[in-house]
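Two complexes are shown next, each including subunit A; its partner changes from subunit B in the first to subunit C in the second.
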Partner chain A sequence: MNAQKTNHASFLSRLGDAALPLGIVVALLAIWEAAVHLLQIQPFVLPAPTEIFKELMISGPTVILPQLHVTMAETMAGYLAAIVVAAVLSVLILYSSAFRRGVLPLVVASQTIPIITMAPVLVIWFGYNSLPRIIITAIVAFFPLTIAAVTGLKSLEPHFIDFFRSLNATPAQIFFKLRLPVALPSIFGGLKVAATLAVIGATISEWVGASQGIGYLIAQDTALLNTTRVFASLTVLGIAGMALFGLVGLIERLSMPWIYARPTMAWLRAQRSPQSPAAAVARPRQ
Partner chain B sequence: MDGVRLQISGLHCGYMTPDRGLVPAVEGVDLALNRNEFVSIIGPSGCGKSTLFNIIAGLLKPTSGEVALDGKEIVGRPGHVAYMMQRDLLLPWRTILDNVVLGPELAGKPMEPVRNRALALLRRFGLEGYENSYPTALSGGMRQRAALLRTIMCERSVVLLDEPFGALDALTRATMHEWLLGIQREFQQTMILITHDPDEAVYLSDRVYVATPRPMSFAGIVPITLPYDRGRDVTMTPEFADHKRQVLALLRGDKGATDALH
Partner chain C sequence: MTVINKLKPLACVAVAALASTLALTSSLTAAELTKFRYALIAKPGIWDAAVLNGIDKKFFADEGLELELISPTSPADGLKLVATGGAELATAHSTDVIIARSKGLPVVSIGTNHQTGTTGVLVPAEAGVKDIKELEGKNVGITGIPFNKVMLEHSLKSGGADLSKVNIVTVGFTQMPLLLSQRIDALGDAISWDEPPIYNVQIKKPADDKSTYTYFTFTDYGVPRFYTFGLVGDEEALKAEPDSYKAFLRAWRKSVEWMMANQADAADGVIKQIPSISKEEAVVSLAEIARISVSPETEANGIGWQDVAVWEKQEKFMLENGLISTDVDVSKAVTNDYLK
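Let's look at the complex of A and B:
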């Protein structure tokens, strides 16, 4: 009974958690709407939220969504490529001191270049297709992911390695059954950051040398002073980015039940008849 | 008491430190352990007890000396003894059942019989109903019992226990002593226990090795002549007090007590 009550309370408090940011958004939109009308701001400078919503209804399904589709395809391709690259790099960094000393500084140096300036060059190299944009997306996303993975894989307490060694564990067992699970929270942190960066990377890369995609659409509309549709596109893009972030968060929850299943376990324990450890021990011996 | 299980002779080991060079940690340790015996090593903290266990477990190579298990040299070769380290080191991402079967799993054993055996033993270890819980749901005493079950599940001929009850409150610890003794008798385990608690050492052991401060060697060995089947009441007897007095005297470095033993 008690446990059910607390479960109920936690649901309500979670609803409360969502209500607060939602309320803030609604309030900001209301202020925005009022300001545009009161100050008579031109739509090409700042469109009112209701105008953006109308635009969303008109050109959303026909114009914006097809372009979003292109961008999200690039985002996913670049994101997955970044994950593969980060996995390989982090293992190399972890196990090869030569790689750590020789190549890691170059990887870090590459991150100080504003990669977007490379977009035209990549178009010259790889042609007028989505490949250059996928590459840029991957380059933007792999670095924080690699750093997060390496940090996680190194965060192991040495006692655990000794313990595994005492069981005669192989290096592969130490990696997959020890380092990787320890690193998961950090890796998922990196995956979340990389997800948002991938969306940004794909969109920005479409500003240069692209003929489709939501970034291209935004660039075109900006030039035409169609600010209302720019905002409509940004809204759609924001929702798509949040959806990707949420998807990663969902996978995170499912992959780490030992962290996220705690309330349920507390509930299960409360359901069991009270059983103190001493009582369990004092059971008569057979 | 048939046959020597573990024979340690002339063990020396030191640590290289950046500021003080080679610091000796173990200096001339000899120890012999018979089948089904329970011996304790008691000594001040930092004297080198865990170092000795790390050597026996094959994690650390001594500078000299021999460690033989059932007549076979095992220096520098892990996996031959079951080792419960000073901290319980339960893996937080594994359920209790998955934690306790780790040893056989890493050894590549077929898991079905192993899991069944573990499930059957969970009850004896006071962990019934917790097989699918994560370690965070367990109390300190339960965690130690889970770690001990995991150690026993390795099915090695010698079990090393490094201060298994050091972090528990006195009441839980007393309960655990009785329980551990029951487990050792029931499963016919050959055990070495590290402790800094004289009561624990005397109550559980057939023999108590008293260690000197670092570098570690043995100041003396106290044979415990308490009955094989001993309940908690035995701690109130004069014999128990005598044994404890001997251990404490050796710990203090009292030469007279050592002579009294011979």
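Let's look at the complex of A and C:
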């Protein structure tokens, strides 16, 4: 009976947690819808959410989703390339002060170049295929990853390293069993930022030298004053970006159980009756 | 010294009087001029030679107008600005006007810069392409402008080419570097007054050398004659301020006529404001622009005149090719009333 009550309370609590953000989104959409009608805003300036929804129903499955497939493939390829580049760079920056002094300024400088100006040059260098778009995506995404990884890897207190050394740990053991686990929260922070930037990078790259993808579709619809479908495409793109962000978040939770493990029912029961033998078991690691 | 000291107060009064007079004159001049917000099609270029020189020559000021130039980020933005009251007038392609009307934007073309569109395919001479059909197996780069792609495909089909054998690639506005680096074999939607001189200058040939390339104009392959850049206003604004629009068009016509008669000076006038433009290219571009600014209709009715029948054929072509999904009443989208 108590367990049932606990489940019920937990369900209500979760419902409450979900209702608030949902309520805010619904309220914002209602204000948007009302503003469009009351202020008689033309659809080519700002379409109403209901019109965007209708457009999603019409164009979503046949026009937008096939283009999204292309964009997300480029996004994932660029994102993975960015992860590899960032991993190599951050380790080199961590262990080589010469590399840090020589390359880090270039890495920072690379982020001050408006990427849209690089896109045509990359098309000229690498030809008309998906490679320039993947490179652009990677360039946009690798920077926060590198900075987050370096920050995380350098955040270790020196006495922990001394302790590991006193246990005759090899440099590889220090890296994989100490530095990397400590750096993971920072690395995942970078991975989340990079996930959204990768979507933006892939979309922008499709404005130049592409014949398909959401970015290409948006450019075409902008030229044809198809503003409602532009917003529908942006909506789908936003959802895809959130999904990628959520996926990284899920991997983060699974990768760091010592931070994200949920209290088990046995542990909760133990909390309520401290004398119970269960108090000694199933306690999540802190 | 004493005389100078005595004259000092007098000089101060004279300077103050002069300053007041100048200030009064300038404020009167500013008050007399009507601000007129004019959206260009994009960033200013050689195609704006008439307006840029017209401002410099005070043709617009003489008509009581002070032009405020706006550079939109995309060609369709000018029309949106006009339709929402953000600008009095915009330069827009006739295609965009028809698309805008199909979307309910109350925009009206009141004059056209060019009497015919010269969009076509530019192929370097060394490719040996003598017939549009020979583009089969070639990489043809296009900007991605929907109307241009439709015209290219129509022309290729009309010329007997198998569309599936022509690799049409959207490359945005990087066509020329891609052509020069041989990433593409042809420009699929060049404009006769733009790309040919640029191409020649890049390959170190005289800008007006026509032997370096082959040019297939779409209107030679069944695409109906169409107007390109036009002057577009909002229906209500045109009704409310007809005199301002007529004044603008008087000044604009004068500017175009001056530009046609003084092409080298007009090129200098543009370069003065946009130094990155090459004189050699500008002169060749302006010669071509001057050529297409006139037609038998303009001989009879003056610069900027538009034939509604031309618009109707273009609208039909766009409808047939899926660029618009609803019929557009072109008679409401075009008027010559403000040119009279």
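To be clear about the criterion, the second predicted complex is superposed on the first by the 249 of 286 C-alpha atoms of A that agree within 3 Å, B and C clash if a C-alpha of one lies under 4 Å from a C-alpha of the other, contacts with A are read in each partner's own complex, and residues count from 1 in each chain.
Here is the rule we go by: contacts are C-beta pairs under 8 Å (C-beta built on N, C-alpha and C of every residue); 3 or more make two chains touch, one makes a residue touch a chain.
Quick caveat: nothing in here was measured; it's all calculated off a predicted structure.
Look at A:207: by the touch rule set out above, it reaches subunit C but stays clear of subunit B. Once the two complexes are laid over each other on the shared chain, residue contacts for A:44 go to subunit C alone; subunit B is not touched. In the superposition on chain A, contact of A:160 is made with subunit B only, not with subunit C. Of the two partner chains placed by superposition, only subunit C is touched by A:120; subunit B is not.
Once chain A of one complex is fitted onto chain A of the other, the partner contacts of A:216 are limited to subunit C, with no touch recorded for subunit B.
Contacts of A:143 after superposition: neither subunit B nor subunit C is touched. Once the two structures are superposed, subunit B and subunit C can be ranked by residues of subunit A touched, with B on top. By the touch criterion defined above, A:188 reaches neither subunit B nor subunit C.
On subunit C, the positions that touch subunit A within their shared complex are 74-76, 79-80, 83-84, 96, 99-100, 103-105, 139, 141, 144-146, 168-174, 177-178, 181, 183-184, 323. Interface residues of subunit B, counted against subunit A in their complex, comprise 54, 57-59, 78-79, 83, 85, 87, 89, 91-94, 102-103, 106-107, 126-129, 133-134, 136-137, 139, 141-142, 145, 154, 171-172, 175-176, 178-179, 182, 186. The residues of subunit A lying in touch with subunit C in their complex are 42-45, 119-120, 123-124, 127-128, 207-211, 216, 219-220, 222-226. Of all the residues in subunit A, the ones that touch subunit B in their complex are 159-160, 162-170, 173, 177-178, 181-182, 184, 256-258, 261-262, 265-266, 268-269, 272, 275, 277-278, 280-283, 285.
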